[in-house]
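Structure below; questions to follow.
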Amino acid sequence: MISFASDYLSGCLPQVLARLEDTNREQTTGYGEDHYSAEARVALSRHLAAPDADIHFLVGGTMANAAVISHILRPHQGVISAETGHIAVHEAGAIEAGGHKILTIETTDGKLSASAVQALVDAHWADFAREHTVQPGLVYVSQPTECGTLYSKDELEALYKTCQKLDLPLYIDGARLAYAAADPTSDLTLADYRHVSDVITVGGTKCGLLFGEAVCFFDKRLARDFRYKMKQDGGMLAKGRLLGLQFLTLFESDLYLTAAKEALEKADRLRQLFSEAGFTFAFETTSNQVFPILPDDICAYLRRQFDFETWQALPNDRSVVRFCTSWSTADEHLEQLAKALKSRPERYHATHL
Amino acid sequence: MISFASDYLSGCLPQVLARLEDTNREQTTGYGEDHYSAEARVALSRHLAAPDADIHFLVGGTMANAAVISHILRPHQGVISAETGHIAVHEAGAIEAGGHKILTIETTDGKLSASAVQALVDAHWADFAREHTVQPGLVYVSQPTECGTLYSKDELEALYKTCQKLDLPLYIDGARLAYAAADPTSDLTLADYRHVSDVITVGGTKCGLLFGEAVCFFDKRLARDFRYKMKQDGGMLAKGRLLGLQFLTLFESDLYLTAAKEALEKADRLRQLFSEAGFTFAFETTSNQVFPILPDDICAYLRRQFDFETWQALPNDRSVVRFCTSWSTADEHLEQLAKALKSRPERYHATHL
Amino acid sequence: MISFASDYLSGCLPQVLARLEDTNREQTTGYGEDHYSAEARVALSRHLAAPDADIHFLVGGTMANAAVISHILRPHQGVISAETGHIAVHEAGAIEAGGHKILTIETTDGKLSASAVQALVDAHWADFAREHTVQPGLVYVSQPTECGTLYSKDELEALYKTCQKLDLPLYIDGARLAYAAADPTSDLTLADYRHVSDVITVGGTKCGLLFGEAVCFFDKRLARDFRYKMKQDGGMLAKGRLLGLQFLTLFESDLYLTAAKEALEKADRLRQLFSEAGFTFAFETTSNQVFPILPDDICAYLRRQFDFETWQALPNDRSVVRFCTSWSTADEHLEQLAKALKSRPERYHATHL
Amino acid sequence: MISFASDYLSGCLPQVLARLEDTNREQTTGYGEDHYSAEARVALSRHLAAPDADIHFLVGGTMANAAVISHILRPHQGVISAETGHIAVHEAGAIEAGGHKILTIETTDGKLSASAVQALVDAHWADFAREHTVQPGLVYVSQPTECGTLYSKDELEALYKTCQKLDLPLYIDGARLAYAAADPTSDLTLADYRHVSDVITVGGTKCGLLFGEAVCFFDKRLARDFRYKMKQDGGMLAKGRLLGLQFLTLFESDLYLTAAKEALEKADRLRQLFSEAGFTFAFETTSNQVFPILPDDICAYLRRQFDFETWQALPNDRSVVRFCTSWSTADEHLEQLAKALKSRPERYHATHL
């Protein structure tokens, strides 16, 4: 079975594993205070053009999101998010478990607009009974979004300007940031994010590492005592150098971007395959996530050979499905998919409803 | 610098890393639902002689403790622990952050006695104002304890019998369980713990893995929905097979025990070295943790070459210090220490106060 | 200024205050263990035809909701509520502060249907990634709802049947229950609720008391140790008899219903006044809350003499507003409103848009 | 049965109830925004000589403590308290339920010394592994303490100076503050506390009101958004004027002090009675709490007529018991106790062990 179900199905980039091999018997201080973690912070901050960023490595994304958000918010505050935001949908209530409401905004493409945030915050402060409601304290966005879409530079600048005006920190969940940063259609490089946000995560798990998310505070005041919070949340890895070594491997060179670039090219090929076969997409994406709309019988036919995720059931026996690529997507996987699509039985051809 | 500061300073047993190498490009389902994790559960449950145990793998010990404890307790309940218990001292308030008080009991050796637990619980229920206090809901012990001491079979049986009578689950934190299970002076094997507890963690991080703790519910009713809790707490690893592969390597053979046995022999050698040099110990231990009492000037002298932990400052310029061994402790490290102790300057010899 | 802004603007029914006077110097045990509280429990349980109900008195509604909900839910569970539910809108995130997500359902009239609950729960269990989402653990409804509408017997029976099938407790927030129970158009009496719910609050604050909500567990298993939770949440009143005395005054006779009946008649008069003046209503209600749709200039005109709540701004310079009655609404207040509506300047008459 | 068990056994000072009567039909804004609450704030701030204090009224002490402490602390911080502190013993884990550890200090008389606080905080910051422990974030003391003892001006000044140096807010729980402020042996008046603390509660429940605690922030920065927290915690009373009216009655005159003074005189009489009967005291107190050490058979004899609290069992069949007085303690109660002590059977006389 070939799986396109996600970008965390294989191990890691071979360079990463080699690094773990090379250093295995070395003794280092625990809990992120080793020299590899220190070097990784320097390397990453160079890519971010943010020498003063306060950088911490955590194992996973839900942990990183929950730790950052509950570290920043006061108890009576909530976090603004798109209704499709990962924290609002797929983190098992981690934010609420930390005591905070998620103030959701409906969107069509997973992106929060500056005006929608402004409107929500204005409504709060205009409410006579505002003390009976949750005060907005932070804005959360994902880049790329959960729908595979990308914020442009203009969009993030507008959003950040609004956040600053409203005195709300802006937090970018970059679990898949590599696929935004390496995207030739994006006008934002890694070095730009410090100008449009206060905190960002640079994701490793979905971008070639065994595991690991780097939390980067551009606004260092927000980072104060964050290591206590990491420990309290169970997010401080004993052998912290495992995170340092992995991130160092990604960022001492351009590996983070080059690995993502390959995955993007393979996603382009996926888009081409589905397009040529006559299918449309639920979201227009350029990232490593592809969302074709497929008739359910085609889905069943493809599932004999391939694994992929059902995103949403549609009327008329169709579904939005998600295909993901990563550093480990093989060319032959794509070719087998191409073949399967081409050779699908005649009765699956009249699929446009 | 040679470090005896802890047992999580190096990478992992070479067999573990080899296993990650071998499987690196394989695609597996995420979040612990892969076949390696399934096999690891079977292998571990065989060692525990508990085919029905409900086993879950988490990355770290604080996470495991917090998840288990807050999963079992109701909001108005607290957990009983020795005052020296890891949860009470070194987990940054993780249990309280989950909403629960730790009901501590003073001990001399880190071990909870059945009678002390009985007394605390009796006092609660005898209190007219008990609803104004925290209800005991769970008992937490560590094996080996944070002082390096071991519960005997009799002690754990008595404790467990008391817990059952009091309708309190008993949870054993086995972050270093290997060093108890492989200890020839212990009368408890891995297969015994299911008879003396309801939940146990089988620690990997300090016993040869890169990371990983296995939470084993012998009482399956306590495990209900635990995967939700793991996810909510940020403790469900995306590439869950990394945990499965590591635990499988430990438990498909006797590696868990043989690796620990080596470390114990090296700890015996440490005990011998300090003894021969004329020093006594703060706790009589047989485990991989050794607690000599050293004059502070000897400490300073040794620290030029070796790293180790200060456990407690004592009067008269002495300290309890901790030396740990692990799978990666090299014979030459021990020989260098032997040499350093032997060749210490004359003025450090009159050390008995 | 005459206020129709809510039903908690005055003190309390004179009988209640008289009772406090009469007993003022008496000494009683604290924390709800006095004989008045005991008698009040018996009196109330008689009205509820539920001699076995486990009844507890708390000071306020937000406290009662938060305590009940977090007492029943396990940490990974959430509570299902209409999007307009008080807990979802006007309790400042109290439920989330207790660690739980509110799983909201959109409605047009504030009422949850059995089918909507079934659909939400089905979707959860059908979700392959359900452990990454919040598990439904409880259903919350308000009677009357926040829109002033009422569930019929059939509706609550259907909802409760669904809840039982799904193994979800059903909790009714009866902050204004008197106005449902005394409503001649309702086919549910106080004695019926035990057949259609597991827990209900019988509200006092908005129904004639100085303060007080009675939490009544029909399913006693859910009530276990609730007094600990009350204390922990700061909801156990030291002079608990104040709650007992107040509820005893309401329920040793029919005062709860007769006082509400008067308020309902006054609300009928309000509906008549607005209707005669040519206005329509946002929700068709029979309860003590009236929601006329008024042009904003009429609102401004009325506000010179009367206070009332703006519920929702509408297009074309109109608003939904809320007028409430209570035991303390005076006939002359209604007459002044009648006069104000009749004598409104000519230019305010062409108001139908 | 005559009860000396506590100071919250009766209703309230008659003036308070009269005030509720007089205003019962008046309509006021809810949630503490009425003019009585405003006037009460002014009146109280005058007594405190703190015109800028930010004052909020809550119903009960546990609620007030929990709201203040969790409002001030960040998630990774804990609160320092004497081991006997009310929050550490008798609030059912409310502080931990809010996520915070209580960092307790042993004392002999319930009072925290400046040096003990300094030592605890120094130890935290000197700890190499401090991020694995809970950071001290606030200091909590009670005045009078739970042992009935009083801080002197010097003691509180020293403690506050230390707190300021350590950048820790100092919070005084004044649940029984009246009995400190009215105590002729105390060198602290109400107007002094603003110089020795950042936040204080001025207790009503145990000092003559039906209920009510006033939280007074002398450092207004700590008060920011406190009303949100009150609402979220279920601590914002709908008919907030009930709190305003009660505190206004206490503080528009000297009623708070004069009522307490009477209670103190009655406590003096209690002390005299026990002394004359040959008994000693567990704590030397001048406040309204008296802690005689009584043989258990005398306790049993007295309990036929009187209720009082057992504080602590002692060896040799003796106990520390607590007798409380309040505004409602009647002279004849004291006389009956005097009689009972005098006329106790001969066999109870040889009580000194």
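Letters A, B, C and D name the chains as they come in the text, with residue numbers starting at 1 for each one.
In the analysis below, a contact is a pair of C-beta atoms (placed from the backbone, for glycine too) under 8 Å apart; a residue touches a chain by one contact, two chains touch by 3 or more.
Note that the coordinates shown come from a computational prediction; the quantities given were computed from them, not determined experimentally.
**Student:** Work out which chains are contact partners of both subunit A and subunit C.
**Tutor:** Joint contacts, listed by label: B, D.
**Student:** If you take the mean of the Cα atoms for each chain, which one ends up farthest from subunit A?
**Tutor:** D
**Student:** Quick check: more C-beta contact pairs in B-D or B-C?
**Tutor:** B-D
**Student:** With chain centres taken as the means of their Cα atoms, state the distance from subunit C to subunit D in Å.
**Tutor:** Centre separation, subunit C to subunit D: 34 Å.
**Student:** Please work out the Cα centroid separation of subunit B and subunit C, and write it as a whole number of Å.
**Tutor:** 51
**Student:** Averaged over CA atoms, how far is the centre of subunit B from the centre of subunit D? Could you give it in whole Å?
**Tutor:** 42
**Student:** On subunit B, where are the residues touching two or more other chains?
**Tutor:** Expected reply: 75-76, 91-93, 97-99, 131-132, 228, 231-232, 236.
**Student:** Which positions of subunit C touch subunit D when the two form their complex?
**Tutor:** Where subunit C meets subunit D, its residues are 1-3, 5-6, 8-12, 14, 17, 20-21, 23-30, 59-64, 66-67, 91-94, 97, 205-206, 210-211, 228, 231-239, 242, 328.
**Student:** For subunit A, which residues count as touching subunit C in their complex?
**Tutor:** 75-76, 78, 89-93, 96-101, 128-129, 131-134, 310
**Student:** Please output the residues of subunit C touching subunit B within their complex, sorted ascending.
**Tutor:** Its residues touching subunit B are 31, 70-71, 74-76, 98-99, 131-132, 135, 225, 227-229, 231-232, 236.
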